[in-house]
Amino acid sequence: MKTQVIVLNGGSSSGKSGIVRCLQAVLPDPWLALGTDTMVDAMPAALRASDAGIAFGPDGGVSIGPEFRALEDAWTEGVAAMARAGARIIVDEVFLSGAAGRQRWSERLGGLGVLWVGVRCEGEVAAGREVARGDRVVGMAAAQAETVHRGVVYDLEVDTTRTESLVCARTIAEHVR
Amino acid sequence: MKTQVIVLNGGSSSGKSGIVRCLQAVLPDPWLALGTDTMVDAMPAALRASDAGIAFGPDGGVSIGPEFRALEDAWTEGVAAMARAGARIIVDEVFLSGAAGRQRWSERLGGLGVLWVGVRCEGEVAAGREVARGDRVVGMAAAQAETVHRGVVYDLEVDTTRTESLVCARTIAEHVR
Amino acid sequence: MKTQVIVLNGGSSSGKSGIVRCLQAVLPDPWLALGTDTMVDAMPAALRASDAGIAFGPDGGVSIGPEFRALEDAWTEGVAAMARAGARIIVDEVFLSGAAGRQRWSERLGGLGVLWVGVRCEGEVAAGREVARGDRVVGMAAAQAETVHRGVVYDLEVDTTRTESLVCARTIAEHVR
Amino acid sequence: MKTQVIVLNGGSSSGKSGIVRCLQAVLPDPWLALGTDTMVDAMPAALRASDAGIAFGPDGGVSIGPEFRALEDAWTEGVAAMARAGARIIVDEVFLSGAAGRQRWSERLGGLGVLWVGVRCEGEVAAGREVARGDRVVGMAAAQAETVHRGVVYDLEVDTTRTESLVCARTIAEHVR
């Protein structure tokens, strides 16, 4: 079965966005990149800082409210519809609740050829990259490094701790059918 | 019928994005904002500067190729699916081909409550705002000011030439059911 | 005396940045644009959210600490030195303390040809534009609209409430010698 | 002699910006970060794409014109003045002409305590990171990786090819007096 969707899951500052851009560059066909960041940017500013939406604690914790969850469900449904309509899609995700996050996407992506990829990065290294980026709440990288992978089964895992984004992207591209 | 999708159509630098953020602030429910810019950002960098994708001429002209068009069709399908799945959506669009652009969206949004809004701005004023923004190819504003509205029928039109974004947003919000 | 520095003072969301980009476009010589935002971006992230640096309250209040003030003094000195070394400079400023802010710059710019420009915008309109921008703490525009001009004497004032940035820039450009 | 200025020189995508943010985080005092990017952003848009200013070729080449050079000289003078006025400064630079670039800064920084740091990264790795960033002209990283260091003498060199930004920053911080 042709790969129609590539789902990358990894913690904050694990290097997903860099891999996504490299994948778009190395894959021969055009792929749309849509991720949690795209969705959060599309939400009202008020929801980005409220208990009903998504709130980032000073220590890097992230809490999700019911209105965020409702929009996210519709978003996921829509991304699946784009793939069914013929677009190749790279989903750049953070499964805050681990296996439940993959389950949520699996249900929506039924019938599509999906490549599940875990993007790992040692917590300490990711935390250092978070400082180097300078645009993220410090603490998220460490908090998410392990938890987002809990109980998640992948087709393939890459680790950016000591491997460049472009090299990880090439490894993933070899698994795309 | 409840309004489920608000489609804003207007030329570059006509003030659509400002109206969208104001709409998200004044509407009581949370609305997702998805537009041409979101889609273009999701595309591979290579497609953003190629004949098969979308190319911005030095004079402000925009040309669209077959690969861009194919992804756009799937994107439109997916946005409609998000609305059907319960998300309220504001679509921020530039109908480069005028009425044909509205037609393309109309077909996808069948059965949904849609509010069609024209965002006008006098070409000369839009061109000045393009200079003030400093991040757009100079010439797009003037080139698109009239053409994007050609033959397009709206439920409502606003004009940012002498009216603030927030005031335009309030006018639109009164038409949302 | 030749104009070597243009100092624009105005509250948050009064439209200074747009005027600056238009000035750079309409003035025949190349002018460097340096403002409060440039300086704040150059500071350590930690100082951007601390009592010793600059802190933005949830209601739009801004408080300045001693370490911020020390860096600001050196920054002002350096900008004056750039002008003395021959660069034409547009300074984009927010005199949080009104006349004292102008005084601080006057002392540093001694001997240089300076054009002092007040950029006004009615508080309610600036507050609406703050919502439309979506990237500023809501409340700053209203809080600063009047206070930044208290006791400040200008060579020229422009008002963006009902006048476009480009038109304001042309008015200012006519006063540049 | 106290370190008052840290000058980092390295090619595009060698990782300077990340090191700068880490340095600001690990150094106990507040340091201002000012670099080529800050200066280029301060220039008129027209100069950023002209023969008199700075032009980026499609192959990653960068050419500098007389008006750019004049503004750059004044900028350098001003940054030195900021340091003399008491601000600690991190300069993030690309010596396009190698040793001549260091010479230009040396003359301006006379009498100040300067730490000269070379930031190296193997061309192939930097080129891969350029793809991962997605916001730079592809080709600059490879073109500059070696040339910017030609004939330049440093107090210290770091290499980001296999060392994280934060680790490089800690090494540099140990040399700050």
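Going by the order they are written in, the chains are A, B, C and D; count residues from 1 in each one.
Here is the rule we go by: contacts are C-beta pairs under 8 Å (C-beta built on N, C-alpha and C of every residue); 3 or more make two chains touch, one makes a residue touch a chain.
These numbers come from a predicted model, not from an experiment.
J.: Just send me the rotation angle from a CA overlay of chain A on chain D, rounded to the nearest 5 degrees.
T.: So the copies are related by a turn of 180 degrees.
J.: Just grab the chain with the largest centre-to-centre distance to chain A, centres being mean Cα coordinates.
T.: For chain A, the chain whose C-alpha mean is farthest off is C.
J.: Shared interface numbers for chain C and chain D above half of all numbers used, same, or below, different?
T.: same
J.: Centroid of chain A to centroid of chain D, CA atoms only: how many Å?
T.: About 32 Å, centre to centre.
J.: Could you state the distance in Å from the CA-based centre of chain A to that of chain C?
T.: 39
J.: Taking each chain's centre as its mean C-alpha position, how far apart are chain C and chain D in Å?
T.: A distance of 27 Å separates the two centres.
J.: Residues touching two or more other chains, restricted to chain B: which are they?
T.: 21, 25, 45, 134
J.: Quick one: in the complex, what on chain C touches chain B?
T.: Against chain B, the touching part of chain C is residues 17-19, 21-22, 25, 125, 128-129, 131-134, 162, 164-167.
J.: Give the list of chain C residues in touch with chain D in this complex.
T.: Spelled out, the residues of chain C in touch with chain D are 21, 24-25, 30-34, 38-39, 41-47, 53, 67, 70-71, 73-75, 77-87.
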